[in-house]
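There's a structure below that I have some questions on.
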Amino acid sequence: MNMRLTHLDDAGNARMVDVTGKQPTVREAVATGEVRCSEHVMSALREGTVPKGDVLAVARIAGIAAAKKTPELLPLAHTIGVHGAVVDLELAEDRVVITATVRTADRTGVEMEAMTAVSVAALAVVDMVKGVDRSAEITGVKVVAKSGGRSGDWRRPE
Amino acid sequence: MNMRLTHLDDAGNARMVDVTGKQPTVREAVATGEVRCSEHVMSALREGTVPKGDVLAVARIAGIAAAKKTPELLPLAHTIGVHGAVVDLELAEDRVVITATVRTADRTGVEMEAMTAVSVAALAVVDMVKGVDRSAEITGVKVVAKSGGRSGDWRRPE
Amino acid sequence: MNMRLTHLDDAGNARMVDVTGKQPTVREAVATGEVRCSEHVMSALREGTVPKGDVLAVARIAGIAAAKKTPELLPLAHTIGVHGAVVDLELAEDRVVITATVRTADRTGVEMEAMTAVSVAALAVVDMVKGVDRSAEITGVKVVAKSGGRSGDWRRPE
Amino acid sequence: MNMRLTHLDDAGNARMVDVTGKQPTVREAVATGEVRCSEHVMSALREGTVPKGDVLAVARIAGIAAAKKTPELLPLAHTIGVHGAVVDLELAEDRVVITATVRTADRTGVEMEAMTAVSVAALAVVDMVKGVDRSAEITGVKVVAKSGGRSGDWRRPE
Amino acid sequence: MNMRLTHLDDAGNARMVDVTGKQPTVREAVATGEVRCSEHVMSALREGTVPKGDVLAVARIAGIAAAKKTPELLPLAHTIGVHGAVVDLELAEDRVVITATVRTADRTGVEMEAMTAVSVAALAVVDMVKGVDRSAEITGVKVVAKSGGRSGDWRRPE
Amino acid sequence: MNMRLTHLDDAGNARMVDVTGKQPTVREAVATGEVRCSEHVMSALREGTVPKGDVLAVARIAGIAAAKKTPELLPLAHTIGVHGAVVDLELAEDRVVITATVRTADRTGVEMEAMTAVSVAALAVVDMVKGVDRSAEITGVKVVAKSGGRSGDWRRPE
């Protein structure tokens, strides 16, 4: 297994990897994550005893906007065209489940864009429920699938 | 328990809560989180068989910078003075443990700033190890303590 | 009437006016504006024959986020704490009517923040309906009331 | 007429439309708009009894910079290369007339970039004259022509 | 002489220094710098054989806007209110001389804001003349005076 | 010699030059610059009597991040893909020497991106040492080589 970190040079100095030699091709990445809330809050959200209104829309929009902000947030990430982004939120028993799908026709993969979208959508959920539930916790943020690019398709083993 | 979400009005529409009546006082929040990596990668990081160089510095700096970007990332968060920020990273057995402490002398708490710092530092770690370990996963991002402000001091129960 | 533009010095050079001598006090500004759409689109939006879903939430959130971006957009505007922001959208006969209320406890008025919130919420509406109505037009963006600060309260004459 | 809003999915949830299948081609959009000021201010601006200095330069530059900020301001807009931008301001009887032309060689049209340039240039004008004329109002912001892309050339009917 | 760098902790890790204990007071910093150009370009700029038009306005505005962006550019800089900014440009024999004065009524000094304003105004000049003079060089960017804050007034020795 | 400034139109108005007709090709630019510090500080940095820790990493990362921010800082610069960036810092006798290399596969040269990276890395160094050395000064920021694009390869004469 190659243990070389591509973001560092031989001396261990951070750098932005040169991708000028890579071809623009269609690439997609899917990431998921969860916000665990008290069942109290979740049941209120599901049953509408809380005016949930724009809650999910705010998180969706924050996630999509964040995908575009990835190169500002991650110092070594490339400026990349985000050419498609979907953020889904589902209200489960004791958690909000978030899935982000990001697509590009550019030179690098969009795994970090998808994980950033999930993370920021999750932070937006926490921001909105924190007044009633301080215990909210973000867990399980990970890439679950990617396609396109030199390394081809990949799906996280169950 | 008050189930009213402060970020929504009676009709469920998103709004930025009016805090003009709150006093600027010193407030602090501490958040933690983890990036789970393969033991393979972690032992390499710890033992230096991987040139780890700037890895932790990149994550630290990304986290501090992200604390300042919170109002850009969370649509309903207030523009707030970030007056102190520390991001610590520790290499444990099978994970990188991240702790962020944010301080302000402004009108609102900085819980979201601390959680944003942890989340983005974690994303930066994932970005750097993803070339050698696609399984990296962000977990347990949560506020563990806060002090100052009207609601006073709080510490997450063990 | 004083015709001197405060944003220019004696030689006509742009500058950011020094407000270090002003006191932080509570200030509010209200601005309005409209997006004129074809009646076709408006009736569809009102009657739900179009899946309107997040349309108004997207515009609301874009407007609130834009209020915070005012100093980035207007070169001579001061960095200011946005301490409260509400953006309302109403579906009238042939237009979407937008009202933004911005509040601060800082050193300058927030008229430009309110007008920026209205303008960007309007742009977001246009962005969403442009696929079905290219004629959409933004009109009547103006401050209608302000309070607080040295110049005191003001209401636009009918 | 197709009433389907492309920015929403079947459930009405906001999304960024996938344009990875579109080809990068040269596209142009022209938008116009106006800032209505008191004749008093306008005649002073025209006749130079007000030191107008950088006023138009500030608005021009704010408009050009804003075209590049469109994907930050409009949550569902794509990250796109802005490859040319001109913002013209003309001093008419009782208004400043603004025209923005934006060009790209990328995957989507630049109508929103042109309208954003006009809107922000207009806000910059209002910001500069508001000290002497609170009545300033932005009107008639609209796309007047576009060319390139799948839907081809279009000119707004008189 | 105290050789301790305040931006690092005992282990050498970067941090944002805690300034919550400092008082908001009026502070000012002045910085200068130069862009050396070929005499050819300078004489053309001075004598108007080049249409210099908005050149100085663009640099002035870029500098003022950059002062506000300092906390985004410098990872460890505090979010701070920029409450006044002036950028002057003077056409000398073989160089453009830039002076920036920044003022705040906040918790930290604005030396870095003034140096950032000078640097970015200088970069804007280089950007505009680079098509006719590749030799352009930025030199002598430094703080020349500061006032206010705990360390009081200071003026750079001649 | 052509004295026409490409960023201005015939009337001297600032504009973003239309590059839609240029081809995306691989381009590279190298810029250098220096931060002059007191020998005191430099010898402490070199000999480790100062805990230098993350100092160089902070500057490196600030420089790389700044290359991506060029179109936000320079009003007339194009939005461009930054596809590779390296920032090196070397501790010389009485100065820190900075070299930035930026690469792209896009429509315009990256000279300004390289100079921006050097300038901001230098500002970050100044920010970190200013507490112990107010005399720090940024000098000699210039492009030293470029390759690719229509104007081909160029190297600054010694």
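Chains: A, B, C, D, E and F, in written order; residue numbering restarts at 1 for each.
Throughout what follows, a residue touches a chain if its C-beta (ideal position, glycine included) is under 8 Å from a C-beta of that chain, and two chains touch if they have at least 3 such contacts.
These numbers come from a predicted model, not from an experiment.
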Chain pair, D-E or A-B, that carries the greater number of C-beta contacts: A-B
Counterpart interface for C-D, drawn from D-F, B-C or A-B and sharing over half of its contact pairs: A-B
Gap in Å, rounded to a whole number, between the CA centres of chain F and chain C: 37
Rounded Å distance, chain C centre to chain E centre (Cα mean): 31
Shared-contact residues (touching 2 or more other chains) in chain F: 13-14, 54, 57-58, 60-61, 65, 69, 72, 75-76, 80-81
Contact graph of the chains (line, ring, star, complete, other): other
Every chain pair meeting the contact rule: A-B, A-C, A-D, A-F, B-C, B-E, B-F, C-D, C-E, D-E, D-F, E-F
In the complex with chain D, residue positions of chain E that touch it: 54, 57-58, 60-61, 65
Residues of chain F touching chain D in the complex: 9, 13-21, 71-72, 75-76, 78-81, 106-107
Chain C residues touching chain B - in the complex, by the definition given at the top: 26, 56-57, 60-61, 64-65, 67-69, 80-88, 103-105
Residues on chain D engaged by chain C in the complex (per definition of touch): 1-14, 33, 40-41, 44, 49-55, 57-58, 61-62, 65-66, 69, 72-77, 111-112, 115-116, 119-120, 122-124, 126-132, 134-143, 154, 156
